[in-house]
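Each of the two complexes below includes subunit A, the first together with subunit B, the second together with subunit C.
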Partner chain A sequence: MLLRIIVWAILAFLLAPLLIIVLFSFHASPALSFPFAGFSLRWYEELFGNAQLASAVIKSMTIAFLTALVTLLLGATASLAWLRFGHAGRGMIEALTVTPIALPGLFVGVSLLVLFAQSGTQLSTATIVIAHVVIAIPILIVAMKARLALFDPSLEEAARDLGASQMQTFARVTLPLIAPTLIASSILAFAVSFDEFVVTSFVAGTETTLPMYIWSMMRRTVTPLVNAISTLALFFSIAILVASWVIGQARRRSAIAGRLEQLEPLP
Partner chain B sequence: MTNPKTIIEIRDGKKVFGNFTALTDINLSIRQGEILTLLGPSGCGKTTLMRLIAGFETLTSGTVSIDGSDCAGTPPERRPVNMVFQRYALFPHLDVFENVAFGLKVKGMSKAEVKERVNRMLHIVQLDNFANRYIDEISGGQSQRVALARALVNGPKVLLLDEPLAALDLKIRQHMLAEMKRVHTETGATFVYVTHDQDEAMILSDRVVLMEKGRIVQIDRPEDMYARPKSLFAAKFLGETNLFDATVSAVNGIGTTAVTPAGIPFLGAETADRHVSERITVSIRPESLSFQGGETAAQSAEGTVEDVVFIGSRSFYTVRLDDQSPVRVQVQRNGRLALPSIGDRTRVYWDSANIVMLPHT
Partner chain C sequence: MSLSRTRTGALLATPAILYMLVFFVVPSLILFAYSFWSSASYRIVPDFQFENYLGSLASPVFWKVTFNAIRIGLFTAAITLILSIPVGYYLVYVSRSQTILYLILITWFSSYLVRIYAWRTLLGTSGVLNTVLLQFGVIDHPVSAFLFSPFAVTITLVHIYLPFCILLVVSSLSEIKRDLVDAARDLGTSSIGAFFKVIAPNAANGLVGAFMLTFILVAGDYVTPQMLGGSSGQTTGLLIADQFRKTGNWPLGAAQAFLMFGVSIILYVVITVLGRATGLIVKRRAKTEREI
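Up next is the complex of A and B:
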């Protein structure tokens, strides 16, 4: 009984702020406190009329899309290397790619800023994308490697044996089998990029992404507008994560399903 | 088929992985149209030998030639051989038809011809109604047939099979053995079959290549290898046998006599270069021993019946001879003959023709 109370208390602690933000985003009055004065969509109306906000959203979307794309390409090549390498090679790939997760965002941000400054690179959308790829790659690798460990290398040998060249083997066997994993992982990269703030603030220059715009609004005053943006961002993130999960689950035709089936042959 | 053509020739093959010698002194000629089994315990190098033929490994020294041409440096996709993988390695993102069609499609064959050939092959393996099923929608036995069809549809000069029945349960395994013989007859392809299962090897093969620790120890027809093993390893690996340490006491025109330390004499028919006082091992199969003496079964030893196991039409007796060595005797059930019971004193008889004398190791 006590345990249940604790669990509910923790859940309430985690979720209550979210619920309150969602609730007040529909509040009819600008007051951010109870009593609740009735529902209204006025903050959402105000949002959609805000040109600055719209451009920040478009900027964030563009950056997240580019980050996902670059991460996908790098992730695909990294996963191929992963499949080719033995145990030692895999350890090395992991050490090199996963380590940045452990580094503080502050450190990554400062390092990248120094790098861009020294190389004379103008801070722009491109530098933000580069920074986001640096952050997203390790997350992508971690998400992929569990799946790739189940990839059966004899499928590639079978393709070669049947007359397929290395390129044909990749195009007809390897890529179709790892595609769901790659796509699910790159959606994750999109989500990571979309709400990244700390590193972005170092390398953004004059660009304004959505998280930065919200932060600058908050600096002046906490307006109910922030609740509405946050609510939209929340549902957008949930939608992305659900999409990633659904694609990850749609693995009936993927390598893993085939492998599981082969491990437990039907009579 | 008096002088069948050699389709694969391996000369002085040696394969080394790091500081481990996987294969050495491999000399093997595979004849067109035969079923050749590479038999041996796990780690004997049989799978490595098959992968060398397929092109997934390369020899450290020596040559492999397929159909007369040396294939050093030829990648697997350009070798006229196809392989059935141990766990089939069927493509899970393709249906049965597309799996079988894979090899033909990458070769750029026309759609109509692919369709015709694949359907004909699916008919041979009796999967006509499964063309549109995905790999996770068919059983283990069906997967096995798809793997067979996927390889054979390419018309390989040699079909390599890597323990293709290991993942199946016993009942389906026996069915698939018969199936494989039928497909072999229908396609006329050369089969090279890797297994650690002596029964599969005996049922299926025209010739068996017995391997141990990276070496070929004997190449023979299965019945010859069973009856005339050339080493203790071969005698023990194929079927059950009784072994006696003995010393050669006489060699003459009739045969070789060897005596165990306890004084049991064995007169073997072979006169091959044995010499007096040489230490050897005598092997007699359980079915070559009996409880009835006669003109052919003239040699015998006395002992006590220790155990009897009935297996349907046969019975296995364990008899402890007076020198304390246990022997296994296999008897066909036959109502007319009186058989001893546990605890009985009895005599065990054998015939010189069934004695195999092996080098002592």
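Up next is the complex of A and C:
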């Protein structure tokens, strides 16, 4: 019981600041303090007329989409390789793909900056995507590893023994088993990219993503507009997480349903 | 079959490995090479000298901000780990609550900058904390010391890195067989006793890992101290970032980044050695089951 109270107190600590941001984004007065002066949508109205913000959002969405796509392709092939490797091979893949998660964004940011400078690459949307993939891949691999550990290689062997070609085995056995986790984790890659700030600040050049825009607003003044943007960003992240969860669940349900169907006696 | 399996595997692994080599390993090596170069009147000259390292090590400013970063890092990582353990224990042994897990994931994926901004709003002189305390008569005038203080920096960093640390703790606790805990409980140990006698020794490596990872990320986080720490928010991370943005002495910044890296490694070694000497960390047994 005591443990339950402690756990919920810690969760309250995690959630309270976010709820307060949401609350004040609807505040009728610019003051960020109590007493609460009533609800209003004025900050949101002000946001929707802001062309700079709109372009930052579109930029971030584009970058996040490309990051998720590249991460999905690289992650999918790496996962398939992981299944085929022994202990040493798996260790090598992990060492290369998971390490960036254990480094501050600062390190990843400046090392990519020197790479781009040294190779004469102009900083652009492309360099931001490249950087975001470096930090999104570890998250995908960590999520995939937990799932792949449960993967039974004898399923693939059984399919091959029953005469399925390599392509058939992949399409009918391997892919359906790993696809839900792959898609769910590339949605997380989207979320990571959409929110990334530290690494971006080094490789963005003159590009302005949404976090860069929020940063410039935060630095200039404390305005309730930041609350409204933050609230939208927060709900967007929640929507992404929910989407990732729903996809994982729906796929699992359909897999189970499919198996039940096969168990039914044929007419 | 086995050979072609490995060959297909190698082929499949190539894109990801190549990507990480080009965009992670090579850049790190270039950065390392840069740390020996020199900078003269805003131009970077290839060179091989140790002045960037020696100069930094001899500089009181460097040590001051580095001690600050280490202090913030150790303090924050300790609090974060202490808070993560009950949540991790609850999620692994008491209830596999999906609700709690998703609430944690929501905070993990909620915007980094938004959370910094939230704490600024909460702790400011006209902020929520001050107005609430004033109304309840706890204080009679707004306290400006909440913001721009080590306190503000630590509480915000704990808030930012706690979800990540909880997930690390959950994964390290999940490796301990439930039967061990149940056996201890059946023999009459309290749940706190079971934690210290059964779980902690078995999970020590994982918990130290979680602590170190949190430390490295916190000590390298320069945005939070900058936004919430005021004059107390000068850390090595900010010093390094400024070399790459303002001053333009990239080789010096590169050397300081590797010094920071070295400090983290030394700290990890010290903690592990201390843990082994005091018997808190047991040497990990050879992974027998998995090998077979």
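Just so we're on the same page, the second predicted complex is superposed on the first by the 235 of 267 C-alpha atoms of A that agree within 3 Å, B and C clash if a C-alpha of one lies under 4 Å from a C-alpha of the other, contacts with A are read in each partner's own complex, and residues count from 1 in each chain.
What we mean here is this: a residue touches a chain if its C-beta (ideal position, glycine included) is under 8 Å from a C-beta of that chain, and two chains touch if they have at least 3 such contacts.
No experiment lies behind these values; they were computed from the predicted model shown.
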Subunit B versus subunit C as contact partner of A:Ala88, first or second or both or neither: neither
Partner chain in contact with A:Leu80 - subunit B first, subunit C second, else both or neither: second
Subunit B versus subunit C as contact partner of A:Met1, first or second or both or neither: neither
Which superposed partner A:Ser111 touches (first subunit B, second subunit C, both, neither): second
Subunit B versus subunit C as contact partner of A:Leu96, first or second or both or neither: second
First (subunit B), second (subunit C), both or neither touched by A:Leu162: first
Touching partner for A:Asp152 - first (subunit B), second (subunit C), both, neither: first
Touched partner set for A:Pro176, first subunit B, second subunit C, both or neither: first
Superposition-derived comparison: subunit B or subunit C, residues of subunit A touched: C
Residues of subunit A at both interfaces, subunit B in one complex, subunit C in the other: none
Residues on subunit A engaged by subunit C in the complex (per definition of touch): 3-4, 6-7, 10-11, 13-15, 17-18, 20-21, 24, 31-35, 73-75, 77-78, 80-87, 89, 92-93, 96-97, 99-100, 102-108, 110-115, 117-118, 130-131, 133-134, 137, 166, 188, 191-192, 195, 197-198, 202, 211, 214-215, 218, 222, 226-227, 230, 233-234, 237-238, 240-241, 245
Subunit B-touching residues of subunit A, taken from the complex the two chains share: 152, 154-155, 157-165, 168, 172-173, 176-177, 252-255, 257-259, 261-262, 265-267
Interface residues, subunit C side, partner subunit A - complex: 5-6, 8-17, 19-21, 23-28, 30-31, 34, 83, 86-87, 89-90, 94, 100, 102-107, 109-122, 124, 126-128, 130-132, 135, 159, 162-163, 191, 213, 216-217, 219-223, 227, 237, 240-241, 244-245, 250, 253-254, 257, 261, 290-291
In the complex, subunit B residues that touch subunit A: 54-56, 75-78, 81-83, 85-93, 102-103, 106-107, 134-136, 138-140, 143, 150-151, 154, 167-169, 172
